[in-house]
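When the chains are written out, they are named A, B, C and D in that same order, and each has its own residue count from 1.
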Amino acid sequence: MKRVGVIGASGYTGLELMRIIFSHQKLEVSMLTARKYVTERVSKLYPSLTGFFDFDFKEYKSELIAESCDAVFLALPHGESMKVAKELLDYGIKIVDLSADFRFHDANEYEKFYGMKHVCPEIAESAVYGLTEIMRREIESASIIANPGCYPTASLVGLYPLAKNDLISGTVVIDAKSGVSGAGRKLSLDTHYPQVSDSICPYSVFFHRHQPEIERQLVSYSSGSAGDVVFVPHLTPMNRGILCTMYVPLKTAMRFDDVFSLYQQNYSNEKFIKLLERGVYPSTKNVQGTNNVHISFEVKNGGNELIVMSAVDNLMKGGAGQAVQNMNLMLGLKEEEGLMFPGLFP
Amino acid sequence: MKRVGVIGASGYTGLELMRIIFSHQKLEVSMLTARKYVTERVSKLYPSLTGFFDFDFKEYKSELIAESCDAVFLALPHGESMKVAKELLDYGIKIVDLSADFRFHDANEYEKFYGMKHVCPEIAESAVYGLTEIMRREIESASIIANPGCYPTASLVGLYPLAKNDLISGTVVIDAKSGVSGAGRKLSLDTHYPQVSDSICPYSVFFHRHQPEIERQLVSYSSGSAGDVVFVPHLTPMNRGILCTMYVPLKTAMRFDDVFSLYQQNYSNEKFIKLLERGVYPSTKNVQGTNNVHISFEVKNGGNELIVMSAVDNLMKGGAGQAVQNMNLMLGLKEEEGLMFPGLFP
Amino acid sequence: MKRVGVIGASGYTGLELMRIIFSHQKLEVSMLTARKYVTERVSKLYPSLTGFFDFDFKEYKSELIAESCDAVFLALPHGESMKVAKELLDYGIKIVDLSADFRFHDANEYEKFYGMKHVCPEIAESAVYGLTEIMRREIESASIIANPGCYPTASLVGLYPLAKNDLISGTVVIDAKSGVSGAGRKLSLDTHYPQVSDSICPYSVFFHRHQPEIERQLVSYSSGSAGDVVFVPHLTPMNRGILCTMYVPLKTAMRFDDVFSLYQQNYSNEKFIKLLERGVYPSTKNVQGTNNVHISFEVKNGGNELIVMSAVDNLMKGGAGQAVQNMNLMLGLKEEEGLMFPGLFP
Amino acid sequence: MKRVGVIGASGYTGLELMRIIFSHQKLEVSMLTARKYVTERVSKLYPSLTGFFDFDFKEYKSELIAESCDAVFLALPHGESMKVAKELLDYGIKIVDLSADFRFHDANEYEKFYGMKHVCPEIAESAVYGLTEIMRREIESASIIANPGCYPTASLVGLYPLAKNDLISGTVVIDAKSGVSGAGRKLSLDTHYPQVSDSICPYSVFFHRHQPEIERQLVSYSSGSAGDVVFVPHLTPMNRGILCTMYVPLKTAMRFDDVFSLYQQNYSNEKFIKLLERGVYPSTKNVQGTNNVHISFEVKNGGNELIVMSAVDNLMKGGAGQAVQNMNLMLGLKEEEGLMFPGLFP
């Protein structure tokens, strides 16, 4: 049994980590911290945990963490993870960081998109980008993982086979739809029920920080031949889920079967990536509560316009689920441990 | 007071027509037909009308309609409108048809996309496509209007200034999101609450019949320079509303202000088209229950990639509202009569 | 044309007042105030008003209001209305107050339930409780109206014929369900989309401040024979609407037809109260966006257990709609002016 | 590993059984039948199972079931279970029946409330009503379990400690709110998204068939001193969940602490029943996807009016979850096997 801590555990990602770990056979939570809720019981904040997880939140103290944890999940806001990563690594604690702090190898880019000085650029340089299916090898031997953003996960799993094989020609349009839990537990008018329910709207058009995250990865998969992305996220009246509808100009025309084969080659052994039959499209409810990615595509006869659709649960494969998947690998456990279950439908 | 009939009044579009006409100062309903509900009271089907609209549904009989109506709305299924249009026109009754039966001048195209023989191609040829802001002149003198589809309305209002001025280069991607009322009152698993609520999914990828409808219109606005469209609709967990996010490759780079001016030139006198300030994006809730179109756009600095976003209420500007707007014009009334009200928010 | 001001216009009730008045033939808005948004355009806060209501919010200044307004709606928080009522009345301005400040004739009761000192108890004593259908006469000659709470409106319209005729025996259970807009525009975790969507829960059990408001009114209708109420509100995952399911022990058994007749006697001339046919129950969507009250009831054969169900739109008949209804009466207009329209369905 | 069949597996309860059993360490599905979908793959009907549960639906044949199953869940419509129960029992197959067919010991009552002739009244007489926490002993040795209805489960767990101790005086009002999945997968206008979303309404007032089911059980717990129930269910715009707000007249006044102690005595060892702290009320989202029951109560100081609130997931503790709990007991497994997980929140 490996002992893990959740640092910054009061948000929805923290809650989701607790939920997963509760049913995980090889991990146990040994420490929970949340600055604003020190000494409060977890189940008071989240009554869904009543009788399952009656821990108290503690204050963050690195030496206590060192004593009690083999590894930690950092579920802190952007800018906070980088402040604690170094000391935890120095204690020999493995880290899966769910913030954006280590998602760009080049700290200058981080500083540009997130508007803050990076305090440990050398760690950013060596952190492994934790899109598990693509970076599995590197993750196994990493000491710190930058867990991908929710939108990048949904997008990149869908685009990887194309980028790696140099099939993309020009700009990919990613029209993304996210449930409101993606905005977290922090209050804002944009997530106030009467404003957002029963209504859909775009936001951060051209300026969402996940766009450069996606682009850097596409560049790396394709040695630079791909990477130009137009990304528009939409706030959608649902709790969980991300659907990406991606419009991909191909270098040459492909038939549906060719595309399907390509994806099968890449993903047929993957436990969490499901290629849907032709004509069945991803619905976010079908991946609700799971670590699964549902993918399908459609191609015009003889055309070079490909549409790739992918759905994930933003708090699972787009967050806590993938974090546990990565943690499993880092700790030498089976990758799928604690994560193999179908979606909650309806 | 003009007397109008609603033929096929039992669906959501019929209901919406009744709701509008109830508050309309110059129109009154003089006939309602609905095959399945003959002799039943309207308010029994729709208790929201209790005390306002206690008519009975009648059987369709052209001679009775001729006696009692100056004009009619046909809210019939595709394939049914064309069966009655001729006899009603012969009686001198003006028609706004909300089905697709007269949206293609070339009946062969209709037959191709809707899979049925057209029974009066000559009427299709002369019917006016009722996108009011664009076809106002022709509508005023028409005897039959083909009211546009909901998706085409939202899309075309957003693209018209660009198409007319020959600014579009290549394929426009239209990623469209519709509320469930767009699928009508007919039962199906896809619109069963537990299946569709709290979840988003694409459908009819590449094959939705509104795609050719949009394309034909774009061709006509641009004399053929525009018209290539990739259209993907999404079923969205909300009642009403269509949001179109449109990715438009421009022939030459434009600045935001240039685009804004262009739209102002076209639309500043329009009563139902609202250009939002930069940075404010359309939200379907903001047009709920109205005939308004909200439009905004975003352009990359110096780029030639333009994003146009438009929102309508699918049952109003995307259906019954625009139908009344067209009827007003046909009957010599003020275009905005009965339609000038802001949205129901929240 | 009467000129009215909306004081504290930035909340959902203020928005709803603007929406109604925009279509009202005899009222026009001549002043809008909102402390936090002075000089800001209304449509910036509420894009649904774009092109309809492009006023700026002003600061509250009584002399300016006196110059520009014949009457005002106070849409201020509890405790704020009483601070301005006196000076406005002294200017001869008529007031409809949507807060709770004047709902209790006895200021001591207000102080007990709202936990603040009342600054003008003499005005509270003379203010008329604006449940229009019941207090019509008094409203016509009033200078200040205490507009009822949303729950009391839905409850009292349903219970009035029983209370007035002394038919209630003992404690009435009111199980009430409200949409989230009832909690207003103020942010809280309870109205944060991911917390409240797709879930129902009770709140303020036994301690909601609308319970004594309901009780005082029942006492007054029945000369004290009725008035014992158990009231439990529930936060329901919808935007608008209140449904009250009321369990009424009758003094003697009544048949359905007797109950129906009783309600017809009281309400058959009412423009906004609709008695539904037996077996049709109120659905909040059927009154969406309207000033209507839908009522139905069910009685066990020969039993003395009566169930009364009533539905209103909390922002309309439960707020702004009834406020305009009262204002119409105070200003000598037709009571239903600007308010006669069926619901937005679906 | 015990082999179980799911007979009538195509509905939401069948799906939920598959979801649970997939993660269950001691049960495996060995047979799935669904008349309408014979030879079809389960994941085609429910893409959420893709890659997890790629079985085909089979035709129902008792001899094949006898060969392949140790026990079965009957997830058939009312009236169908009783047709197959006898032959399966004769094969020695244990049964958990999720229909109402065996919920009344007296077949005459079944016939009265369900309007059909009972074909095996002797089995009805001996079947055990599977409210696990109350009937644990009898369940362990039963060969056929009548799994309780969703509303009765939520209600009875909340009322049992009171009924057993003879504390209830007179009629209990149960105001119940259910998510739409409670109506199953069958299409109807009442569950059509545009009709039901964003709206709440009562149904089956005084005539719901779960009312006599609740009453019979209360009578049996209390030896007849309790059992008079007024039951009003409401269709609520959410997927899953039942909330019961129960208004209980007590024989004598009780303090909160006394009530709390009483419930603790009954439930403190229960794994699925969670008593919430005072002031925390059940929210259906907090039990989403789980077999848990959340209970709280509120009592007026010194009053004899008690309010009990309980929440369950209608498809879990109100259906498939409790069915597995019962199956575990019947098969000699640990009662909680495969069911111990906290809710999916948000």
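Heads up, the rule we're going with is that a residue touches a chain if its C-beta (ideal position, glycine included) is under 8 Å from a C-beta of that chain, and two chains touch if they have at least 3 such contacts.
Only a predicted model underlies this, so the values are computations on that prediction, with no experimental measurement involved.
For the touching copies subunit A and subunit B, the fraction of interface residue numbers used by both exceeds half; the interface is of the same-residue type. More than half of the contact pairs at A-C come back, by residue number, in B-D, the repeat among A-D, B-D or A-B.
Look at where the CA atoms of subunit B average out and do the same for subunit C: the two points lie 36 Å apart.
Between the CA-based centres of subunit C and subunit D the separation comes to 39 Å, rounded to the whole angstrom. Shared interface positions of subunit C, defined as residues touching 2 or more other chains, are 12, 179, 181, 194, 197-198, 237-240, 283, 285-286, 288, 346. Across the complex, subunit C meets subunit D through its residues 171, 173, 175, 177, 179, 194-195, 197-203, 205-206, 230, 232, 234, 236-241, 243, 245, 247, 281-286, 288, 298, 300, 305, 307, 309, 311, 346. Those residues of subunit A that touch subunit D in the complex are listed here as 12, 15, 18-19, 22-23, 44, 46-53, 181, 197-198, 239-240, 271, 274, 276-277, 280, 283, 285-290, 292, 294, 340-346.
Of all the residues in subunit A, the ones that touch subunit C in their complex are 12, 179-181, 185, 187-189, 191-194, 196-198, 237-239.
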